[in-house]
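Presented below is the structure to which this report refers.
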């Protein structure tokens, strides 16, 4: 039982020990080789899950839309990712004659590298994590901004109007949705008191005096907003304006084909999967869970989040660009800011630790009571924001209708005259 | 501290190497028969008119600006969030003031129509 | 050479030399470029060198004090603010004069 | 040579090289990309200085925000690419910058240069202490300590401590307000002629609408369907 629970840990320790015994003459070299192998394993995991996810996503979305999905290559079309891979490898790759060659060729590499770098901090099981940074969440948020640069590089390097316009649109979307993401990760850090992803998971497990409450119960609103902005950050439907074919062809990667296009695609999926992992870690308790071994739990939770992504993709229509920006700047950001302030006040006014209560005043409560208060405040903010938004939308519609009526009246008068 | 980040460096280097090798392998496997039409800029079959010069909206710049300001807020607020449990109420009220002043900036931008996408 | 005071085998002077080089290059960029955006890039380089110095001194001379960190953080903030306003000005000037060369800005109004 | 020293030298070469590229290139977009490389190298230095927080903040603020702004404005002010990258005083500025570097190198570098100022009338009065007469090799008061584990929390506490950095911290918020207001005003400002034309157009439209809305005594209000069909014809 114990062996199964700690399977990943045992394997990784064994490999590290093996390398240490082989390269015993130089501890530094052994350390570096161990890190290199760990990095290669993580990258391979990400690349393989990318291939698998393309198949799963096509199947799931097809089922949602009452289609069959890929079913020709192999049984149930299972060999489809392989066929796609072979095609990508052997497809002719053109570089536009007017392109800025260096920038054009570097862009897919940069986007893939930054997407894969996120996996360095994701914990898969106790003791099985690339590296436990004490600025873990901050690192995840920061490394995401690397892909913004890559997109601008692709847009500029292609020297193509559609690509450049697509890049501008994409960047406006990505930087916009990074703001609510930041604000809501901040609430998690407030509750946890640490930026390390391991500490955040430990705060949600039932060990050393922790209540074992997943953050999604404590902070339902940040979880929701993080999910929405995560979808927008990875450019997935319904926020896939960056590839609105009818408007800007394929967006910033219009000119790319073959393996370079595949790298963009990989970056997109790897990022989406990373967001699922980070969401599971921040709000669903990461690898913590009863009975099943931890690595199964984190994979299950991430798969669940990714399934929500696919579900939304299969059912929701694409939003308009003005709606997308309005949703972010006029709804999510103000709401998250107000929520952040209220969470701060609640945490200070209803502390759970005795020392804090004695030092700074406030009402000492049990963790569950604090959770209920936080959740109530969160839902209150959400409800208020929704009501206000609905009222504003109604007023907006009325004004629009009035204007149309006035125009009609004016037309009528003109026709009479 | 630095040893924690060593893995990040290793990860970035090995990701770059692996992806670079993939690109290189693909460049050996794929056919290469370029011609002028293939190498021209893709514009739905039309000939490209002029330089890739489009009049960009300043709107993009202003959105980037608001984003930068919230980014600044983040770098100051994350350490405070880590220290939050040990902060006195007075400090917390100041942090709240800080956030509200920034929210006022956002509302100002909103009123000025900087967040509208005409 | 003060190597006994070196952290990770790197003496403080190495950081100071790199920062000095970065500062000089940035200064050259500010004073010798014809394009206002390029001049701002030079300013960014100079601010980075200042921050490098601040954090190097923080690490070597006073790692427990938050003063070095706070100053570096405020440099970050001021750098971002300066870039934002500077670039907004450049864009406004460019739209009315179609030029980003500061030498063409000889009038007090646009 | 330790691994850290090797990494330091690689980073130094990358930072200095890309900085030199930034200030000499005529292709501003590539210049902005190399600027990002320089920022990344500086983040690497922060890691070597045991400051992960600022390394990540550097990536977030400089690469994720400031360089995006710079690239945006490079794109918004296009057509300025083919210009000569240097102005008239570039040569003398280069010499001045090199001199500055030399002075900084002598002052803060690892060299010790003993200058005897005792004969010089004014300077000897100005610099009394022994160390002032020695150029370079500054006797820093090294702490020789590790960075505390809790440095992030310590920093956070210092930021909101009334006796430390609370005032500048709050001023940052107001600075940001001012920056946003100013930048929006500047970037959205249009030429006076344009503004006047726009105002006139709006006034005209409003007047027309008002005129159209005046109730006409002979025309009874029609049901909505009738309006739509009239508009169609």
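Lettered A, B, C and D in written order, each chain numbered from 1.
Rule of thumb we're sticking to: contacts are C-beta pairs under 8 Å (C-beta built on N, C-alpha and C of every residue); 3 or more make two chains touch, one makes a residue touch a chain.
If you're wondering where the values come from, they're calculated on a predicted model, not measured in any experiment.
Trainee: Quickly list, by label, the chains bordering both chain C and chain D.
Mentor: Touching chain C as well as chain D, we find B.
Trainee: Write down the pair of chains with the top C-beta contact pair count.
Mentor: C-D
Trainee: Report, in whole Å, the distance between the mean C-alpha point of chain A and the mean C-alpha point of chain B.
Mentor: Comparing mean C-alpha positions, chain B is 14 Å from chain A.
Trainee: Centroid of chain A to centroid of chain D, CA atoms only: how many Å?
Mentor: Whole-Å distance between the two chain centres: 28.
Trainee: As a quick test, compute the distance in whole Å between the mean CA positions of chain B and chain D.
Mentor: 15
Trainee: Between chain A and chain C, what's the gap in Å when you average each chain's C-alpha atoms?
Mentor: Whole-Å distance between the two chain centres: 33.
Trainee: Give me the residues of chain B that touch two or more other chains.
Mentor: 1-2, 4-5, 56, 58, 60-61, 64-69, 71-72, 74-76, 78, 81-82, 84, 87, 92, 95, 102
Trainee: Multi-chain contacts in chain D: which residues touch at least two other chains?
Mentor: Each of 4, 48, 50-53, 57, 60-61, 64-66, 68-69, 72-73, 75-76, 79, 147, 152, 154-155, 157, 159, 172, 176, 179-180, 183-184, 187 in chain D touches at least two other chains.
Trainee: Of all residues in chain A, which are in touch with two or more distinct other chains?
Mentor: 133-134, 138-139, 141, 164, 168, 171, 175, 178, 195
Trainee: Just spell out which pairs of chains touch, all of them.
Mentor: Result for touching pairs of chains: A-B, A-D, B-C, B-D, C-D.
Trainee: List the residues on chain D that touch chain C in their complex, please.
Mentor: 1-2, 4-5, 8, 12, 15-16, 19-20, 22-23, 28, 31-32, 35, 38-39, 42, 45-46, 48-51, 53-54, 57-58, 61-62, 65-66, 69-70, 72-74, 76-77, 79-80, 83-87, 89-90, 93-94, 96-98, 100-101, 104-105, 108-110, 140-148, 151, 154-155, 157-159, 164-165, 168, 172, 175-176, 179-180, 182-184, 186-187, 189, 191
Trainee: Going by the contact rule set out above, which residues of chain C touch chain D in the complex?
Mentor: These residues of chain C touch chain D: 1-2, 5, 7-18, 20-29, 31-35, 37-38, 40-42, 44-45, 48, 51-52, 55-56, 58-64, 66-67, 69-70, 72-74, 76-81, 83-85, 87-92, 94, 96, 98-101, 103, 110.
Trainee: Quick check: in the complex, which residue numbers of chain B touch chain D?
Mentor: 1-2, 4-5, 9, 53, 56, 58, 60-62, 64-69, 71-76, 78-84, 86-87, 90-92, 94-95, 97-98, 101-102, 104-105, 108-109, 112, 114
Trainee: Please give the residue numbers of chain C that touch chain B in the complex, ascending.
Mentor: Spelled out, the residues of chain C in touch with chain B are 8, 73, 76-77, 80-81, 83-84, 87-88, 91, 95.
Trainee: In their complex, what parts of chain D are in touch with chain B?
Mentor: 4, 7, 44, 47-48, 50-53, 55, 57, 60-61, 64-66, 68-69, 72-73, 75-76, 78-79, 147, 152-157, 159-162, 166, 169-170, 172-174, 176-177, 179-181, 183-185, 187-188
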